[in-house]
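The same chain A turns up in both complexes below, where it pairs with chain B and then with chain C.
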Partner chain A sequence: MNPLELLPGKIAELVHELSVLPYNNMEGHVTSPWTLTNYVVWGLIALVTTMIMFIVVANREKKQIALAAQSGDVTALAPAGRLVGALEAGVEFIRDMATDVIGPKDGPKYVPLLGTFFFMILISNMFGLIPAGKSIGGTIGGTVALALISWLAFVWIGFSKNGAYGYLKSLIPEGVRQMPPAGRIILGGFIFLLEFISYFIVRPLTLAVRLFANLYAGHIILGVFSGFVALFWPIFEKDLAWSIGGVGAGALALVFLILMYAFEVFVAFIQAYVFTILTAVYIQSSVHASEH
Partner chain B sequence: MEGSIVEALVGLSAIGKGLAYGLAAIGPGIGIGIVGGKALEAMARQPEMAGRIQSTMFIAIAFTEALALLGFVLTFLL
Partner chain C sequence: MFVEMAYASEAAEGAKGGLEATLGAVYPNPAAIWPTWVAFIILFFLLWKFAFPAIIGMLDKRAEAIKESLEKAEETKVEAERLLNEYKQQMAEARGDASKVIEQGRKVAETMKEEIVAKANEEAAALVAKAREIMESERKAAVAELQKSVAEISVAVAGKLIGEKLTAADHATLIDKYVAEVGGLNDN
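The block that comes next holds the complex of A and B.
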């Protein structure tokens, strides 16, 4: 039997596995909005992991700062261990990004929001790379929720910093606002319409779709290549026979699978970073709306 | 007769899906190439600015890539 004949079935199985299902019943359907799905469960696991990591490290840092203040021994302030060092580097990275993008005065205020996005998405993506694990970015519902939080944040900041009129006025460039009335109304109205769609519809939509499409494509690629390995090295498929060409093709697929896995770890970082830096850029455009 | 028309429609929709993603990937592919190449050029000219250039490059890539990703999602919706 030709192993490739079984591939469409494998892909259908893979797509089923990646869809939103009740967490305890792979065959069942999501019937009510309150069903606990696999993505919700894995998202909660990622959330709890992030919280525990930061609470433990922050408590330890507090203790060390108190110790250093008491004894005057500055070596107590040095990060001890890999976890503390990694988290400190991550928080510093977010803080530098916020001051770089938003500005030294307003930046530090938004570090908690940006840091939560970054670490939550990163750790959830990492859980998504565990076989049978799920990332909240792997379903459009999860990414829409994240993008809505980001959207609410930058729209709220825009309205509260500039006022409703000031924020909406800032959608039209300065030069167009000083044109004669005819140009102001026709060109300004057109630009306002474009910018309004771009600010309030395209921004959250692309935030959500970018994260979802990257992770979903990654999961599909990993699944298809592991499907190739399973079909060419039929350890579990009883009705397929081993062949020399099949073993070679399976080895090639396995090498490619390992390379793609490494690439997906990189994508997990990049997508968390891109989501965070785009949120920072949008917040910057809201904070400084009155200047352009 | 009925069956063959249905089969032909299934095949044509598969071709359409493939074309949708393939065509959506052309422009962003060229665009990301230009962004990456220019960023490399800038970093080679001014290595001390590499950090800022890199983060700006990622933002530019993210905007360009969005078009390809919309095509990817459209492939599943078709």
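The block that comes next holds the complex of A and C.
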């Protein structure tokens, strides 16, 4: 039997597994918004893990700071351990991103928001790489939810920092605003329309679709390669040529699977980073809207 | 093959209805949206109110401590160099003082030596002079004794030879004359 004949079934199964399903019934359907789904369960695991990590590390930092203040011994402030070091590096990374992109004055204010995006997406992505695990970014519902928060944040900041008129006016470039009335109205109106769509529709849409598409594609690729391994590897036909070919193809698929796994770990970081830095860029353009 | 794939995925999706069936994987399921919001809000508040202030506080405190330590180290280094120079200078001064003291000591010793030698010489000279004096007086006494004896013996011999007794006055005149002669002899 040609193992490739089984592939469509495998892929259909894979696509089904990646969709939003009740956590306890893979065959069932999500009938109401309150159904506890596979994504929610894995999201909860990621959330609890993230919270525990941060609570442990923050408690440790508070204790050490108090110790240093009390005894005057600055060695209490020395870096310690991998978890503490990793979270410190992550927080510093986000803080540097915020000050670099948004500016040293306004940047630090948005560190908690950007940090929540980054760590939530990153850690959830890592859980999504566990076989059968799910990432928030692996379903469009999750990424839409995150993109809406990002959208809400930068639109809110834009309006509150510049006022409604100031913010909307900033969508039209300075040069166009100073044109004679005809050009101002026609060209300005056209640019305003484009920029409006770009700011308020394209930005959140691309944020949501980019994260989802990257992770979904990654999960599909991993699923397909592991499907190949599963399909080819155990096949020992009477025909020796088929057996050798099956083992060879399975081994090749396994090598690719491992390489793709490494790549997906990279993607998990990159996508968390991209989502966060784009949100930072959008916030920056809102904070400084009236300057251009 | 692709047709089969399409059929298979349709079969999987088919049982669902409405929007979800039409959009498939790109249907934003509300069952995934609101829990994400809840999770985001919980995590945001935890990070905003608790975790980030602690961690950023630690990062800032550490940076501050490192900066202070570096500055202190620099100060200590400068101070150490200053002290070293000071000690070097003091050592040089002490060495100079020590050689001065030694030089002085040598001078004092030399002066003392000279004094001692001079005194010894003086004493020796005095001893010699005194010895000479004693010898001279001894000699003079001996000479006087001899003159007296010679005079007496000469008178006695002369008396016997001439056989006459001299008067006391003659006697005295004779002695004086003789002594003068002998003294004149001795002076030569």
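Here, the second predicted complex is superposed on the first by the 284 of 292 C-alpha atoms of A that agree within 3 Å, B and C clash if a C-alpha of one lies under 4 Å from a C-alpha of the other, contacts with A are read in each partner's own complex, and residues count from 1 in each chain.
By our rule, contacts are C-beta pairs under 8 Å (C-beta built on N, C-alpha and C of every residue); 3 or more make two chains touch, one makes a residue touch a chain.
Nothing here was measured: the structure is a model prediction, and the numbers come from that model.
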{"item": "Chain C versus chain B on the shared chain A, clash or fit after superposition", "value": "fit"}
{"item": "Degrees between the directions from chain A toward chain B and toward chain C, using C-alpha centres, nearest 10", "value": "110"}
{"item": "Partner chain(s) touched by A:83 [first = chain B, second = chain C, both, neither]", "value": "neither"}
{"item": "Touching partner for A:258 - first (chain B), second (chain C), both, neither", "value": "neither"}
{"item": "Partner chain in contact with A:67 - chain B first, chain C second, else both or neither", "value": "neither"}
{"item": "Which of chain B and chain C A:186 touches, first, second, both or neither", "value": "neither"}
{"item": "Touch count on chain A, higher of chain B and chain C", "value": "C"}
{"item": "Chain B versus chain C as contact partner of A:136, first or second or both or neither", "value": "second"}
{"item": "Which of chain B and chain C A:100 touches, first, second, both or neither", "value": "first"}
{"item": "Chain B versus chain C as contact partner of A:164, first or second or both or neither", "value": "neither"}
{"item": "Chain B versus chain C as contact partner of A:152, first or second or both or neither", "value": "neither"}
{"item": "Partner chain in contact with A:19 - chain B first, chain C second, else both or neither", "value": "second"}
{"item": "Smallest separation of CA atoms, chain C relative to chain B, angstrom", "value": "6"}
{"item": "Residues of chain A at both interfaces, chain B in one complex, chain C in the other", "value": "212"}
{"item": "Chain A-touching residues of chain B, taken from the complex the two chains share", "value": "52, 55, 58-59, 62, 65-66, 69-70, 72-73"}
{"item": "Chain A to chain B touching residues, read off their complex", "value": "97, 100-101, 206, 209-210, 212-214, 217, 270, 273-274, 277-278, 281"}
{"item": "Complex contacts: residues of chain A adjacent to chain C", "value": "4, 7-9, 11-13, 15-16, 18-20, 29-30, 32-35, 37, 39-40, 43-44, 47, 50-51, 54-55, 57-59, 61-62, 64-65, 68, 74, 77-79, 87-88, 91-92, 95, 111-113, 115-116, 119-120, 136, 139-142, 144-146, 149, 208, 212, 216"}
{"item": "Chain A partner contacts - residues on chain C that touch it in the complex", "value": "1, 4-5, 7-9, 11-13, 15-16, 20, 24-37, 39-40, 42-44, 46-48, 50-52, 54-59, 61-62, 65, 68-69"}
